[in-house]
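Below you'll find the structures, each written out as C-alpha cells.
Paired with chain B in one complex and with chain C in the other, chain A is shared by the two complexes that follow.
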Partner chain A sequence: MLGAFVRAFRTPELRNKLLFTLFILTIFRLGAVIPAPGIDSVAIEKCVQQTAETGASNIYALINLFSGGALLQLAVFALGIMPYITASIILNLLTVVVPRLEALKKEGQAGQSKITQYTRYLTIALAVLQSTSVIAMARTGQLFQNACIPEEYMPFLHTSYELPVLIMIVFVMTAGTCVIMWFGELITERGVGNGMSLLIFTQIIAEFPAGMMRIWSENPAWVFALVCVAGVVLITGVVFIEQAQRRIPVQYAKRMVGRRMYGGSSTYIPLKVNQAGVIPVIFASSLLYLPTLVVGLLGAETDNKVVDFLNTYFNPMGNHPVYLTTFFLLIVGFAFFYVAITFNPAEVADNMKKYGGFIPSIRPGRPTAEYLDYVLTRLTTPGALYLGVIALLPMVALGTSGAAANFPFGGVSILIMVGVGLDTVKQIESHLQQRNYEGFLR
Partner chain B sequence: MAQTDTGAKSGERKRRTGPVTFTKQVVAELRKVRWPTQRELFTYTVVVIVFVLIMIGYVSLVNFGFGEGVTWLYGLVGQAA
Partner chain C sequence: MIIVGLSIALMVVSVLMIMLVLLHKGKGGGLSDLFGGGVTSSLGGSSVVQRNLDRLTIATGLVWIVGIVALGLLILRQG
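Our next item is the complex of A and B:
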C-alpha cells in the first residue's frame, strides 16, 4: 500500500505535478522566514522566544498558527492565505444577496472569472487593512504582549524614515499576499489538490512539530503519549465520518439511438454525510479572526467600548462561552450554506432527466429534486453538528488556561489536516488509477 | 380557476416538519448511510497519517533549512556592517 507513494513518483505526469506542488510549497515557506524590510530578524527571533517564555497568553497565537509562524516573524508572507479565504467567503455570501453577482454566477465560465477577479481585488483590500493592523500592533509592541521593546526589532522607529518604511512594509506584505493567492491558483491548476486548502494545510503543519515539542518538554511522558493516542483516535473518527456516504440509487432507462442500445445501467449519487468538507471550518475560523483584526486596528490599549467588548467575548484564547457558541453556530451555518451553493438538487435532477435517469419509485423532475433536497438536509444536519463538535471538542475538553490553542491537535487543525490529506491522497489515487496502477486504497 | 390554483399550491406546500419528526427522519437517513468497513477505515487512516507525517517532515526540513539560512545570512550582513 505504501509502495503507492513510491509509484506516484514513478509516473512521469504525476511526478511533475507532485514536484511542482512541493516546489510552490517550498517557496511559500521561504517567504514565511524572510523578514519584511526594516525588520531585524535576529532581534525578532529573540523577541518571539521571550514572549513564549513569559507564557503570556497571546491573543495572536491562533492567527500565528494560521500563518504558519510567519506573522510573529513579520515576514513577507506574514498574512498567509487568510485574506484570500476571507475574500472568497465574502464574495460567496454576496452572490446569494446581490442580484448582479448572482446573474454573473449563472453566466457560467465568463461570469465566474469575473467573480474571481472581484475576489482578488477584495483580497488586496483586506491585505492592506490587515497588514496595517499588524504593523500598528508591532509598532506599539502589543504584538508581543509588550514582552520586548519595539525599537529592538524595528530599528527605524523614531527616525525620519519611520513613515516611509512603515508604508513600504504594508506594500510588501500586501504584495506577499498577492503572490500567495497566485500560488494557490497555480497549485489548483497545475499541481495536486486544492491550492487554497493545501496552503492552509502547510501553514498549520509548519507549526505542528513546535507544538508537539512544547508538550514533550513541558509535561511528563505519559501526557505526551496520551496526546498522541487522542490524536490518532480523533483522526480515525474524522476519517470515519468523511468516508460515510449515502448512496442514492439511479437507474438509467435503456434507449435506442440509431442502431445502438444505450443506458440500462444502474449507478448511484454519492452524498457524503459531511458533504461540505472542511470549508465551513476554514470559513468560520477566518471570520472569527476579524474581531482580532478590529482590535488591532483600534488599538487594544484604549478604553474603547468596542475593543473592550471584543476582548471579553471574542478573545480566541479566552474560551468565553459566547465565543465558542458563535464559532459553533458559524460552522453549522456555513456547512448548510456551502452544501447549498455546491450541490444544486434541481440541477442534478434536471441532468438525470435529460439522460433518462431516475431514482426508483420517484418521478423524474421536480419530485426528484425535492427528494434529493430532503435527503441532503437530513444528512447535512448531523454532518454540520459533527463538524462543530469536533472543532470545539478539544477547546472545551482542555478548558481555560490557554492550553487549548497551543494544543497541536486542536479540533480545527485536525479537521483541516485530515480533510485536506484525504482530498489530496484521493486525487493522487485517481491519477494513479488512470494509469492502471494500484492506488493506496485497496 | 385562479383560486383553485392558489389553493392547490398552498396545499402542495409541505407543512414545516416538527423537530421530533425531523430527528426521526435524520436517524432514518443515517441508517441508510454506507459507513466505511473496518478494513477501509484502517487503510484510509494509515494513509492519511502517513501523508500528513511526510508533509510535516518535508515542511519542517524546509523550515529548518530556511531558518538557519536566514539567520546565517543576516548574521553575516550584521558582521560586515
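Our next item is the complex of A and C:
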C-alpha cells in the first residue's frame, strides 16, 4: 500500500497531476476561510458558536456542510460548488425534456461543449440568486436564527456606504462561485479525478474533524467509540456494495481479417449493482435544498402559507416523515433515471453484434438487449434501495435530535466520501498501471 | 468615500473575473463525467491563446483576492 504511494510519486507525470490537484484544493480551502470584505471573521465565528449553543435547529446546516463551513462564515467561496451542481442537474433534466438540447447532446463533442457553456451561464445566474438571498438573510440576522446581532459581524451596517458594500459582497461571492467552477474544470482537465466531485469531497472532509470533535466533547466516551465503530461498519458496507458487480459473460467469435485472427476470446460486461454512483444522492439532496432556498427568499417569519407548509414538511432538520419519504423516493427515482441515461442496452447489444460477440445461450440483437435490460433492472432495484437506505439511515437512527446533519457519518456524506474516494483511487491506479502493474487495490 | 470607490473597483474586477472564466473552454463540465467513467482526460497541450488566457485569469485572480483582503481590512478598520 505504502509502496504504491511511493511509486505514484516516482512517476513524474502522475506526481505533477497529484501535486496540481492538491495545490488547487489548497487554494480552494483558503478561499473558503477568507471572509468576504466587510465581514468580521472573529465576530462571525462567535456567532456560529452561539447559534450552535442555543440548540436552534439550523436549517442551513446541510448547505453549510456542502460548502465546508464556508457559508456560515460568509467566506469568499461561501456558496461552494452547489450552484454548479444544481445547474448541471437542471440542464441534465432539461435535456430529456427540451428537444433542442437533446439534439445538441446527440451532436457529440461540439454539442456537449455548448451544453456545458449553458450550464456555466446558469451557474452564474444561480450564484447571483443565492448570494443575494444569503446576504439578505445575514443582514437581518436570520441566517443565525437571530442568535446574534447583525451589526456585530457586519460593522458597515447603518453607515453611508452600506449599500455599495452589500452589492459588492454579492459580486464577490458570485465571482467566487465562478472561480470554484474553474477550479473544478482545471482539476478534471489537468489533475486527478473528477473536479466537481473532488471539490464536494474536500468540503465534506473539511467539516469532518470538527464534527468528530463535537461528538467527543458533547458526549461520553462510549458514544464516541460507538460512533467510530458504526462509521467503520458503514464505510465497509458502502465499499462492499460500490464494488459489487455482476459479470455477464460475452463470447467473441473467431474471425479472420486478412491473415490475422481476431476475437475468439471470452470476456464479460461488468454491471455494477450501483451503476449510478453517488449522483442520485447529490441530485436528491440538492433538489430538496430548493425549499430551503425558497424559505430563505420569502423570509421564515412571515405567516405565508407556502413558507409554513415548507417549514413543517420540508425542514431538513425536522425529520418529518414526508421529508424522509420524499428524499427516499427521489433517490430511488434518480437512480433508475441515471442508469437509464448512462447505460443503453440496445446500443451495447448492437455493438456486440457488430464485433461478433454474444452472450452464451442468448441470441444477438434484440433478445440480448432485452436480457441486458432485464438484468440491469433487477440489479438496479437493490442498488437504488441501498442508496436510499444508507442516505436515510443516520437520519432515522438519530431521530429527532436534529444531530443528523451534524453527524460526521451522515448518509449523504458517507456515500460521497466513499464514492469519490474510490473513483479517484481507481483513476490514480489506472495511471500507475501504465507504468507498472501493482496498484493500490489488490 | 474611498470604501465606495474601492467597492466599485472590486465589482469591476469581479465581473472581469467571471468573464475570463467564462471565456475558458468549458472542459470537463456537465455531468457527463461526474459519474466517473466516460471519456477521460483530453489529449494534447493547450494553444497559445489558451495559455495566455490562463495567465491573464491568474493575474486577475491575484488582484481580485488582494483587493478582497485589502478592502476587508479597510472596512473593519473604519467600523
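The working rule: the second predicted complex is superposed on the first by the 441 of 442 C-alpha atoms of A that agree within 3 Å, B and C clash if a C-alpha of one lies under 4 Å from a C-alpha of the other, contacts with A are read in each partner's own complex, and residues count from 1 in each chain.
The working rule: a residue touches a chain if its C-beta (ideal position, glycine included) is under 8 Å from a C-beta of that chain, and two chains touch if they have at least 3 such contacts.
All values reported here derive from a predicted model rather than from experimental measurement.
**Q** Does the superposition put A:Ile34 against chain B (first), chain C (second), both, or neither?
**A** Touch status of A:Ile34: both partners.
**Q** Would you check which partner chain A:Arg246 touches, where first means chain B only, second means chain C only, and both and neither mean what they say?
**A** Once the two structures are laid over each other on A, A:Arg246 reaches chain B alone.
**Q** Examine A:Val322 and indicate which partner it touches, taking first as chain B and second as chain C; both and neither are also allowed.
**A** Once the two structures are laid over each other on A, A:Val322 reaches no partner at all.
**Q** Of the partners chain B and chain C, which touch A:Ala125 in the superposed model: first, second, both, neither?
**A** neither
**Q** Contact-wise, after the overlay, does A:Asn194 reach chain B, chain C, both or neither (first, second, both, neither)?
**A** So A:Asn194 only meets chain C here.
**Q** Where does A:Pro209 make contact in the superposed view: on chain B (first), on chain C (second), on both, or on neither?
**A** first
**Q** Now for A:Val96: first (chain B), second (chain C), both, or neither, which partner does it touch?
**A** neither
**Q** Counting contacts the way the document defines them, which residues of chain A are shared by the two interfaces, the one with chain B and the one with chain C?
**A** The overlap between the chain B and chain C interfaces on chain A comprises residues 34-35, 40.
**Q** Which chain A residues qualify as touching chain B in the complex?
**A** 1-2, 5, 22, 25-26, 29-30, 33-35, 40-42, 45, 201-202, 205-206, 208-209, 232, 235-236, 239-240, 243-247, 273, 374-375, 378-379, 381-382, 417-418, 421-422, 424-425, 440-442
**Q** Quick check: in the complex, which residue numbers of chain C touch chain A?
**A** 3-4, 7-8, 10-11, 13-15, 17-18, 21-22, 24-36, 40-42, 57, 61, 64-65, 68-69, 71-72, 75-76, 78-79
**Q** Along chain B, where are the residues that touch chain A in the complex?
**A** The contact residues of chain B facing chain A are 22, 25-26, 28-30, 32-36, 40-41, 43-52, 54-56, 58-60, 62-63, 66-67, 69-71, 74-75, 78.
**Q** So in the complex, which bits of chain A are touching chain C?
**A** Against chain C, the touching part of chain A is residues 31, 34-40, 76, 88-89, 91-92, 112-113, 115-117, 119-121, 124, 155-156, 159, 161, 164-165, 167-168, 171-172, 174-175, 178-179, 181-182, 184-185, 188-189, 194-197, 276-277, 279, 338, 342, 423, 427.
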